[in-house]
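Order of writing sets the chain letters: A, B, C, D and E. Residues in each chain are counted from 1.
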Amino acid sequence: MGKVILEVRELTTKYVTRFREDVYAVDHVSLKVEEGKSLGIAGESGCGKSTLALSLMGYYFPPLHYISGDIIIDGRNISGMKPDDVRKSILGREIAYIPQAAMNALNPTQKVIHFIEDVVQAHDPTKSKKEIYEMARTLFETVGLPASVLQKYSVELSGGMKQRTVIAVAVILGPKVLIADEPSSALDVTSQKMVIKMLRDLMESGFIKAMIFITHELPLLYNVTDDIMVMYAGQIVEKGTAREAVFDPLHPYAKGLMGSIIVPEEGLRSARLTAIPGVPPNLKNPPPGCRFADRCKYVRPECRVASVPMREVGEGRMYRCVLSEKELREAYQNG
Amino acid sequence: MAKRDQICLEARGLTKVFGFGRNRTVAVDHVDLTLYEGEVVSIVGESGSGKTTLAKILLGLINETEGEVYFQGKKRDIRSYRRKQEYWKNIQAIFQDPFSSYNIFNKIDTVLLDCIHMRGGRGLPHAQKVEMMAEACRFVNLKFEELTNKYPFELSGGQMQRLMIARIFLLKPKILVADEPTSMIDACSRATILDMLMQLRNEIGMTVIFITHDIGLAYYVSDTVYIMERGRFVESGSADKVILTPSHPYTKRLISDVPKIYEEWDLSTV
Amino acid sequence: MKHTLRQVFRSGKFLFGFSIFVGLLLIVIIYPLLVPDDPLRIIGQGTFFPPGIYVNTYDSVNAATKYTLNLPEADVRRIESRLKQEDRLAMREWLTAAGIPESEIDIEDTERLLTLWNNNFDPKKSIPGMTNARRNYFIRLNNALKGLATSGDLILASKQAESGTLEETGIIKDTDYVNVSEVANVRVLVLGTDNFGRDMLTELVTATRVSLQIGFVAGLIATLIGLTLGLLAGYVGGLVDDIIMFFTNLFTVIPGFVLLILISYSIGQEQRGAFTVATVIGFTSWVWTTRAVRAQVVSLRNRDHVNLSKLSGHSIPHIILHDILPYIASYVVMALILQISSGILAEAGLSILGLGPKTTEVPTLGLMMRWAMIYQAHIQGNWWAYLPVLVTIALITFSMNLMNTGLDQVFNPALRD
Amino acid sequence: MKGYWKYFLNKLGWFVITFIFAFVLNFTLPRLMPGDPVAAIVSRLAQGMSNATGVQAIYQQYAELFGTNRPMHEQFFIYVRNVFRGDFGFSFSQYPRPVAEVLGASIWWTIALQFPAILVGWIIGNTLGALAAYLKGGFDKVLMPVSIFVSNFPPFGMAVILLAVFGVTLKWFPIAGGYGFDLIPSFSWNFIWSVFVHYQLPFWSIVLIAIGGQAIGMRSMAIYELNADYVKFSRFMGIKDRKIIGYVFRNAMLPQITGLALSIGTMVGGALVAEIVFSYPGLGYTLMNGVMGQDYPLISAATLIITIMVLTANFVIEILYGIIDPRIKAAQSEQ
Amino acid sequence: MRNKLFFLLSMLAVFAMLLSACGTPTPAAPAQPTEAPAQPKPTEPPAQPAPTEAPALKPGDPLPRQETLYFNGLQWGPVVCWNPYSSNCNNAMALVAGDNARVTMFETPYLYNMLDGKQYPLLADGDYTWNAARTELTFKIKKAAKWSDGTPVTAEDVAYTWATHVKYNTGTGAGNKDYIEDIVALDPQTVVIKAKLDANGKAVNPLIVSAYVSSNYVIQKAWTQKLEQRTGGDAAKFLADTAEDVVFSGPYGPFYADETKVVLIRNDKYWGQDASMWGKLPAPKYLAHAIFKDNAAGFAAFKAGEVDVSQQFNANIQDLWLKEGLPVSTYLPDPPYGIGASLPTAFFNLNSHGLNLVAVRKAIAMAVDYDTIVANAMANQSATFKQVPRSLMNPTPGEQALYDHAAVKDLQWAGKDYEGAKKLLDEAGVVDTDGDGWREYEGKKLSYVATCPNGWSDWQAAIEIVAAAGKEIGIEITTNYPEWSVYQTVVTKSDAPLPAGYDIFMMWSAGAGPTMPWGRIRNLLSSEWIGQPSNWSGNWGQYKNERVDELIKAIPNETDEAKLKEMYTELVKIYLTEVPSFTLMYRPQNFHAVNESVWTNFPHQDDGTNPPVPPLNLIDGWSIAGLYNLTLVK
């Protein structure tokens, strides 16, 4: 087992809607990412995965609010730190974030290099523009982006280029952890592949130590990350290696999710896709027991009583269900 | 499944040009297309390839710049709005975004009621109309009683898209153009939608044109696949042939760039 | 729909604006029921009577009951009101100039000062260096002081019809009082009168109503034109769009207010009823609504629900009515609100320039402002003649803009805080 | 860049066409007004004249001189020919003064009053709006209603109130004229100071009203921008809030520039009232006098100048805006 | 680039705000240390110190307040030209020829004094004389009279001026050539005006001939020839010339003119210093007129002491001294504050249904509440009809003495006499027959439109009150205010009946002048105006009465005062009986209010001047004498 770069313990956050309603989108989430590993987070829209990505940064501004839990990056707990300290010494340096719609993540009226200057100087005001330019140019060339991009405005870049530029800017300070929230969902497949390649290269070259990759596209996740967690209604419901999670899911929801994967590969045409009826619960007032209970084929009375804890089966393998592994497998066998 | 005997819709040299002068862009470029009755055809292309434009031309929602469309052997004539209304009795659509497909100011059942009216049921007694709507809802696994008096925003995306299928169930068109009907739907609901579509196709024997960017999805649902790039069809044929043994470089690239789970996804080809 | 309304009424800004507006509306509706006077009736002979309670002198002199109040300070006040400190200083000035030694003049001793004055003042005497204005002042002062020293009773007399001789009919003592509630004729002029001698408050209320009507008519016309053209341009597109947009752009370049002046002048005052003015305003201010509606319609035209509506066999009018209009309704309502308030402002602006509605048919806020300014109320400090009008205009437009901002925040989620 | 040039020429062409239409309208509209301008001139001459034939002769003489006895289209072509020679003809109401001289004397006053006022109003309004969007809370809650209220005073209302308060009551500022009643224009400090002092009330009466509208617009834009993705990304890159606010305000302010062009369009109409209330010499008042005196050449020329001003302002701002805002430039070049 | 732009913008903003922050009150015009000139009584010999060359005004220096007299209300737009032949110069400070001609720059042979109705010599030397047949009028030119270029004013100038007026068909030429045959110079000093003669060999109108000498300027022959040469005989060019180089004889000359003001400067070599005329120079070195956009602005300046003499209608002028204690005064200390000299009149369109009935006309006139018109529309700046009973005369003592008051006493109504009016109507059989509250005549409801030009505020207010009177007596009167351009075109077309909408309409009547009240009566009542395509004179209601025409024709040639009085009394009687039109208010020739914070000794009632100086802004006719009386306030 490698060195743990990022550890999150029982992190709970909420966001407040404009009608002043609290939405508990991240509910006691714990996770660990080891050095050189990447963790994928999968889930339907509205399950809280994007909120989780934001919460992991340890830097909160409305409408997101921190409630409890710890975030430990490379042994340093950042959840107790002052926001300005987090901003100065953590953001961008220790942990970096690639937003969901990276297309709009660059200030439209600013050249890329000027933004990089602002980023670098926000952490190290002593750096000269020339140094920063050199630094940026080197980085861009390393990741396969032409240096000319630096002198451009975001509107002058294509979608894929923009996305890769955002990633390059995000890692300019050499953060340990990279949190990528659906970085490729708006791109065509080729650009998507380039983005994934770039992320993989960054990991492999050790430029970033660990990555959390969030997407609803399971085949992509399977190809990008080492481990996969499945999120449902603000909670983690399943965790395992990518292979386990995709081919041998335990939680009934994960099972359903994986059964709906469509890839252009032989056998697919004859495969029967699974479907899960119903809709996820409203996170403004989630049910007391298992949050999947209403949609679960195997639901039992005890599911609805109290919150269901995670069960650990084997190293790093976990799921959240009242049924044991055996019971589940039997149930799946019987259809 | 495909009967492959009767040509249902045929397009010859279909072209759509937007703008003029230097702003001229050719969205659809001399496309030929033959649809047989009862067949499921996928048109696969990336964003900007012109597939949605093509779908709208076939639907008669926008006018082609050049080329002809033959419907059931006859040249399609939709020059007046009245003729278009006739044409639309035979061809229907499901759109990508269920949230923008509904008029948010109308109650759900008006969508279904419109269909009954369109099929000449305007004069039917109310109870019969309700029964027809309830039947359509049952077909897509929705409870009509729960839907009446509801507004679209009170439904989930999956439910809305199912209701769209119910609509088709009532209209029973010859051709259905499904423009990315599942791309805005969560993975777990996707299967339901697709299953219902296929079931409907089987029941009323309509032809389905499936527009999608997801090559896997196209493979999953269709008999015939057309690959579209920059307004042109670059490759077409049976689903198995096109997906499993692509011949055109574009098709090859497209397939190789999609992440897979059984085969190795080769990142080195970027 | 209900949901939206609820949201709208949850917006503080909207609610505040709405309350002001409804308040104004209520006043406009209720006040004429309580005070059914003709707003244009000239009651005052003279211009700009200040706000206050007007007690009929004739009736108070002849009041049935007279009360005697012995108020020690009454005398002092009476003298003070007619002989102010500055008057005393002026008297000293005149007396000194007339050659009375300064040591003899004690301006604090009223009685002595008056005696001295009465003995010496001669209006014909010319004092070197004295302006005519000053001379007139002393003559007026002298007249005002008459009878001040002799604080006797006033005798009421009436003329005998035949002989023309005076006959004493009563005596008024300086301690006589009447109770205002017992005087037959008392008129409260909350805002005084205007230059025509009309009751400002009654006129203002009517003017507010008329201005609101003008605003509504102008706003409705502008919005209707804007909506129709916008819908046509946006939905039909093509050549129609090009033509409409060309004219829209053209009328953006020729400033609306200038056009308004030209047209108003051309129509001529005899034709300019309030409604005509409103119509003209409406016909010159549709440009922005057209643009906004067109932009909305263009984005809606290709929406799937419109396509679906077509596919469901609906006719184009049906589609416009059911699938386009409801979507732009909130914008149209907002545009209407803005048009109404700018219509009210435009009327006021035109009236100020003398191009407003006919002066005498109905009062409008602009016309009241115009007459107040022609009679120089703002320079003579007759604030009641113009300030309430301005505040009313500002309140109307303020309330409407607040409502608009409120609506904007409800319909444009990005603006919500 | 080529696309941009095309855009430029395209716009220019459009403006030229608009100009031609506006020119025709400017010529036609005043001449559609009822009444006979020559009769009005003759009325001035004829008062007290007891000889009827003499009056008729004078009438003929002026009708011939001004060409009002010719058909409209003939008048138009004569007008066009003269305008091309830079000759706007004689002013009817100030005959024998040429129109060019009449306008030349008034237009600079209007420009000198309006441009700075509009600019200052724009700047102050935008600053306040931005602050309101950023600071929110009390500032926003107090400032916004106040600026809405102030901006809802009709322009003449503001002028009258300023005049009554600062001119008549407090006597801080002179209330009439463009410069001291006892001065002869000259290039001296005394004169400039006098102009400046006379400038204050009309200036602020315009500025105060402009502020409100601009502040409201800016606030909306800034709130919209504050929710943009690049703000979130910049925050997570550890950039200081103050810097981010800088991005936001610049981006929000750029669209506001179009508001400037609009203000110039409404300038003359708005100025009219201020000019009359403060007896300020200017174009608005000249135009109004022209209307009242049915001075066709003066009205046509004045409206023409206004049209040119609006067109130029629109054109310049559209071009300038394109140059300083890369988003717009890109959009323009693509067209 | 962008940064610079923003920087620039913000700098501008900061600058503007800084400046406004220190926008402290204007320093008052610095008091001039110059010695105030001694103030001579008009009868005193010249006490003026020898005119020293005053130091020239340096650029930026204010006009010395103590040497400048400021006006308002005369000039409403920029000065266009200085051409005394043109009527279009819009130059109210220098060029207003007429009954009370402005004589700052150009001078008339005589000065008319509206207070006593006499003509006093200016350029002329002594009174003019008529020959026995009253066909030729002779006067002499003062020897001392000089042009501004130093050359003497001669009779030849007078003659040439007339010839030029006729040649170029100017207003003066066109207006007088029916009455004046020719003007000739007998010798350099002697002018003879030959009247046009009628068939009987009598002068057509000696009254108009004698008015010529106080109403028309004498213009230098040499300069006129120069102008003719320059314009090459083109009449339009001749009249359109701006005449910057004009030669004049008056005490002031052009100094400065722009959009905001016009300033005249004293000609210190003015010939009038000669003992044969004033014996001194007028007191102010500068006459300045600020051009305001409206009355309000002018009033504000007057109130602030920036204007000395105000010739505009300032409502509630008395508040300035009663409430604000300002050193402001008017000719009379109490209402009507000035001397009424014109009779704004409501005309009846005699062709309108029912208005051909005297009873209807008179009933309407009787019902009108004149007190309210005077109090509200005129803000009391008009005598009431109780103070000056209605006639055809001005309230000036001179005119009032011209008719027999007692003889018409019963005809003079005071207004607001609803009962009397109703009685009159009832007697005439004009009653409400269908019970709708409105009276009918010949079965048709009496319904009229009362009108006056839009924006003429006091007239509009008066017309409103006329309309209100109709309601009281059962005659429907609505109001309507067309724009002036439309109104004047309609009203002055006397060759056609007035169109609908002009039943009762307001127009002016002539003010004070040497031909008055004859000229006014002619304007109001003479049928000679009917049928003119462009009638600017009067009788717009188209009244026709042969007896009246006879009297109007006879008066100019009548010299017997008793007979004149008889004739005038008869005219008043007819006017008050037939009521073809009715006076709504009295209006002064000029509104005249003065702010005495710098200058004083303005003309006012009983100011001891002899002849009395009329309240006409000190630049019109005899009122210019007032300029020589002004003194500075200590």
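The definition used in the following text is that contacts are C-beta pairs under 8 Å (C-beta built on N, C-alpha and C of every residue); 3 or more make two chains touch, one makes a residue touch a chain.
A quick note: this is a predicted structure, and the numbers were derived from the prediction, not measured.
Peer 1: Hopping along touching chains only, can you work out the least number of steps from chain B to chain E?
Peer 2: Shortest path length, in steps: 2.
Peer 1: Comparing chain centres built from Cα atoms against the global Cα centre, which chain wins on proximity?
Peer 2: D
Peer 1: Farthest chain from chain B, comparing Cα centres?
Peer 2: E
Peer 1: Given the two chain pairs B-C and D-E, which is bridged by the higher number of C-beta pairs in contact?
Peer 2: D-E
Peer 1: Can you give the whole-Å distance between the Cα centres of chain A and chain E?
Peer 2: 91
Peer 1: I'd like to verify one number: the distance from the centre of chain C to the centre of chain E, where each centre is the average of its C-alpha atoms, in whole angstrom.
Peer 2: From the centre of chain C to the centre of chain E is 35 Å.
Peer 1: As a quick test, compute the distance in whole Å between the mean CA positions of chain A and chain B.
Peer 2: The computed centroid separation for chain A versus chain B comes out at 33 Å.
Peer 1: Give me the residue numbers in chain C that touch at least two other chains, ranges are fine.
Peer 2: Residues 265, 268, 373, 378-379, 417.
Peer 1: By residue number and range, which residues of chain B touch two or more other chains?
Peer 2: Residue numbers touching two or more other chains: none in chain B.
Peer 1: Among the residues of chain D, which ones contact at least 2 other chains?
Peer 2: Residues 33-34, 163, 168, 175, 250, 276-277, 292.
Peer 1: Which positions of chain E touch chain C when the two form their complex?
Peer 2: Contact set of chain E toward chain C: 294-296, 299-300, 303, 314-316, 319, 321-322, 325-329, 333, 371-372, 375-376, 379-380, 451, 454-455, 457, 460-461, 464-465, 467-468, 479-483, 486, 501, 594, 596, 600-602, 604, 607, 633-634.
Peer 1: State the interface residues of chain E toward chain D in the complex, per the touch definition above.
Peer 2: Its residues touching chain D are 1-2, 5-6, 9-10, 12-13, 16-17, 19-20, 23-26, 29, 57, 59-63, 65, 68, 70, 77-78, 80-81, 86-88, 90, 98-99, 169, 171, 173-178, 208, 235-236, 239-242, 256, 258-261, 263, 288, 290-294, 296-298, 300-301, 303-304, 306-307, 455, 483-486, 488-489, 492, 510, 532-537.
Peer 1: Help me check something: in the complex, which residues belonging to chain A touch chain B?
Peer 2: The touching residues are 44-45, 188-190, 192-194, 196-197, 200, 216-220, 222-223, 246, 256-257, 259-269, 271, 273-277, 279.
Peer 1: Could you pull out which chain C residues touch chain B in their complex?
Peer 2: Per the stated touch rule, the residues are 1, 303-305, 307-316, 322-323, 326-327.
Peer 1: Give the list of chain B residues in touch with chain C in this complex.
Peer 2: Residues 56, 59, 61, 81, 84-85, 88-89, 92-93, 95-97, 100-106, 111, 114-115, 117-118.
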